[in-house]
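One chain, subunit A, appears in both complexes that follow, with subunit B as partner in the first and subunit C in the second.
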Partner chain A sequence: MENITKKIRAVAKQALIDKEVDKILGWKKGDLWSDSYPVFITKPEDTDTLIWDLFCINNLSKFLIKELTKHDKIGIFIKGCDSTSFNQLLKDNRINRDDVVLYGIPCEGMVDPEKVKKIMLNERVREIKKHENNFTLISKNKNIDVSGEEIKYDKCITCISPNPVVYDQLLSDEVENSKHSGDRFKRIEEIEAMSPDQRYNFWKGEFQRCIRCNACRDICPACSCVKCVFDNEDAEVSGKAKTEGEDTFFHLVRAYHVAGRCVDCGECARVCPAGIPLDLLNRKIIKDINEVYGEFNAGMDSTTPAPLVTFKLEDTDTFSKKGGK
Partner chain B sequence: MSLDTNTNVVNKNEEFKPLIVAFCCNWCSYAGADLAGTSRLKYPANIKIIRVPCSCRVNINFVLRAFQNGADGVVIAGCHPGDCHYSTGNYHTRRRFSLITNLTEYIGVEKERFKVDWISAAEGNKFATVMNDILEDVYKLGPNKKLRDARWKI
Partner chain C sequence: MKKILKTKLPELWQKISTDFDLFLPIEKNKTLNFSLWKDGEKVNLDKVRTTTSSKHLVFPQTETYLKFKNQNNKLSLKAVKAIGDEYVIFGVRPCDVKSFKLLDNIFLREPVDTYYREHRDRGTIISLACTNPEDTCFCSSFGIDASSAPLGADVAAWDVGDSYIWKPQSEKGQKLMDSTKELFTDIDEKDIQNLEKEKSNIQEKLEDLPFNNIDLSKIKGTQQEIFDKEEIWNEFSERCLACGTCSYLCPTCHCYDLQDYKGNNHGEKFRCWDSCMSSDFTLMAHGNPRTTQMQRLRQRFMHKLVYYPKNHKGDYSCVGCGRCVDRCPVHIDIVKIIKKLGGENNEL
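Presenting the complex of A and B:
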């Protein structure tokens, strides 16, 4: 990781000196061991703050929409999931490929600080060391060895594209995809197996915690309409009442509006302050698309049309013969 | 009718009169409903028809709002695939509502409450059958309490 950090700094510095780009989007370290957050750099001398570590989880691609209105050419560091997001923005005509220089970083998965805190309970974590796919959590009093599966983000355990699918320059060797082998549809199948009332109560319990902060909308690379249906007062779909019906309405409409374009980056669920597993809604749609219309992973390229903007004459459906399942 | 949302029990003294909202495409299914009417076929009065230019004009918002505002069942009816008056509208309907059918079922709404079907202008009989069927299913299920807006009174 130190090597990649060095490369990131060198690449960014050179690009700014050569005026190849006028802004760099990357990550920098915050005050805590677990804080790595996005940073925008325009001066070559500031590039030494750039880093790459176990917490560079933020997807930087979506920032491009706004930043490209102010800058002509932007350099950006992208991991696998950021790269599929980037492709989605290209496909939705929100950005131009020519305005961006992509520095790809193959990704071995990011660490979820919440999972670490649960394992270390009241111990103050000082450092996390990585060896192969295992980690040592280090505090003042003890060291604990854990596996990657125990502390990585859920979305990283089931990641299907750890290597960037689009880039101009790759900063390290590709990682093996098999390291990320979890079954991404397991949880969905568990929910499908419940009775309708159980499912309803499960989702009701989740949805009712929603504070309608819109973080899930803001972070999502597929959620990029200039005018959002939820902001349209005339359409009477922007109800703000804190009732069960409105909560359900918001969540179904949000999930469905990105159907076929959701890249399964898991960012919506990660940023939700209420901990609502939004990925379980979106991934259900992905599963259904795969089953009914053939395997499709949004963001793998920037040209294949999304399943919901096209059709085949011989398509099947889920509502007639089998009656909805 | 009064609903007790905590116990999921309908007040037994009052008769349950289901409300079904049917979104019908102007060119086929709405004409199918007309035919059912002029042929004096029996279909229940509990069906409220909303005429839409094409079945693909209906989006998930319409369906959810109907459920929230008092519907116990929702039907979307369009021309048979191949017969759309805008050539391809119902092919899009087919894909969209395949996903939406599964999604509403996934969050726990009984799948019998929500139907998509193709009804041509010549199928007055089919119109009556589809409507009678959903009504029967909804009778069995009882009132929709899951998606109803608590503030809505009928």
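Presenting the complex of A and C:
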């Protein structure tokens, strides 16, 4: 990872010096072991603060929408999931390919600080070291060796695109697909196996913890509307009220709105302070699209028309199944 | 002071919950929140921080206060009383206890917010000292002692290994302990020693925390000068997503919005939490005075670190609970802001 950090700094510095780009989007380290956060750099000398480590989870692509209104050309570091988000933004005509230089980084998966804290609750982790496929959690008084599967984000364990699918320059060798990428729909199948009422109650239980903070929407690269309907005070659906009906309405509308455009980056679930597994909701729709229209993963390229915005005579209609309550 | 064995807790919860709604830190689906206790719930008193704070008990996220109906062109209005029974909340950490005081400053000054007062009056608060403060805790920066019996708690409690020591601090607290006295035993010299040991253990851990030395006095300048540091506000707001996670998880954020539900012939007027991160925050008939995210983010931190202390004898509207540090999706947090305003961390 240190090597990639070095490359990131060198590439970013040169790009700014050569005026190839006028802004760089990358990650920087904060004070705590798990604090790696998005940083926007315009001065070559500031590029020495860029990093690549186990916590560069933030998808930087969405920031391009806003940043490209202020800058002519932006350089951005992207992982696999960030690259599919990037393609989707291109397809949605929210950004122009010509305005961006992409530095791709193959990614072996990021570490979920919540999982680490669970293993070392109250032990005060200081550092996490990676060796081959395993990790050592280091605290003041002890070290614990764990496997990647124990501490990586769920979404990283089942990731289907660890390598960037679009880039101008790749900063390291491609990595192998996760051996669990085939398990992406396992949990969905479990929920599908529930009775309609069980399913209804499952989601009711999840949605009732929603605090309506909108973090899921605001981090989502598919949520790229200039003004969200839930922020439109004239639409009378802004609904800041915390009520069961409105919480459910919000999440279902959002899931349908990003249907066929969700790249399964899992950021919605990561940022939810209420721990609602929103990625499952979106992944169910991905699975349905696969089954009804043939396999399709949004963001793999920026040109293939999405199944839900195209019509074919041979499209099937499966909407006659009975639902829950 | 009395003590109760941890093994007796289920009995204690049972006993308290016959007379009160009992709120405890309950673990459910990746979250730990103060929720109504029922037999069989997974109570976690070891993790120091609940996901959301305890403020929702005194300041519910959504609260209806008026119902209206239009019948035969005649409008009838019905005031709705504050919902909820007398309750006991156990396990409130000293930072969250202090947050009640900070909310009191807002809601109990004239004109008194009667809904808030009712929720406050109905509660008996039992604090719990922080045996295991987290990396993201920085309460000591606000003069809060996580090892102590905080002012405002009706009973203060400490974890001393196999039992909890309870110290009543108010009439309400004494009454609660009297009504459950058969479950408690007197403490002896050894218990006092254990309590002192626990306090100094906590102190030691606090001193070792990464944010132990956040120094607010380094923030210099007049209100206007801090307001005008646009370069700083711009740099932070650049990556701000404008979600409301920080303000909704915050124990001291107290802005609310007033809205109506409109049915055909009837409706409800309610208030609900608002966030300065929302695009319609401070939207008025004439328009919105804050049109950019920079202005909204600045509002959040000016309110906490400048306006509130100016109006409330120097008290900051932050208790160092660390929830925003822990949960901001892009790691903007008040510690970074304080450091930056104080001249530390020159590059972000």
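One rule holds for everything that comes next: the second predicted complex is superposed on the first by the 308 of 325 C-alpha atoms of A that agree within 3 Å, B and C clash if a C-alpha of one lies under 4 Å from a C-alpha of the other, contacts with A are read in each partner's own complex, and residues count from 1 in each chain.
Throughout what follows, a residue touches a chain if its C-beta (ideal position, glycine included) is under 8 Å from a C-beta of that chain, and two chains touch if they have at least 3 such contacts.
The shown structure was predicted, so the numbers you read here are calculated from the model rather than taken from an experiment.
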Three-chain arrangement built on subunit A, subunit B and subunit C clash or fit: fit
Touched partner set for A:Gln198, first subunit B, second subunit C, both or neither: first
Which of subunit B and subunit C A:Thr243 touches, first, second, both or neither: both
Which superposed partner A:Arg209 touches (first subunit B, second subunit C, both, neither): second
Partner chain in contact with A:Asp288 - subunit B first, subunit C second, else both or neither: first
First, second, both or neither for A:Val271, with subunit B first and subunit C second: second
Partner chain(s) touched by A:Ile138 [first = subunit B, second = subunit C, both, neither]: neither
Nearest Cα pair across subunit B and subunit C, whole Å: 7
Set of subunit A residues, in rising order, touched by both subunit B and subunit C: 236, 241, 243
Of subunit A, residues touching subunit B in the complex: 191-192, 196-204, 229, 235-237, 241, 243-246, 248-249, 252-253, 255-256, 259, 281, 284-285, 288-289, 292-293, 307-308, 311, 313, 315-320, 323-325
Contacting residues of subunit C [partner subunit A, same complex]: 28-31, 33, 46-47, 51-52, 61-62, 131-132, 134-136, 208, 210-211, 238-239, 241-245, 248-249, 257, 259, 261-262, 270, 272-275, 278-280, 283, 325, 327, 329-332, 335-336, 347-348
Footprint of subunit C on subunit A - complex, ascending: 28, 30-33, 35-40, 46, 49, 58, 63, 67, 114, 121-122, 124-125, 140, 205-206, 209, 211-215, 217-219, 227, 231, 233, 236, 238, 240-243, 267, 270-271, 273-276
Subunit B residues within the subunit A interface of the complex: 60-61, 64-65, 68, 81-82, 88, 91-92, 94-111, 114-117, 146-152
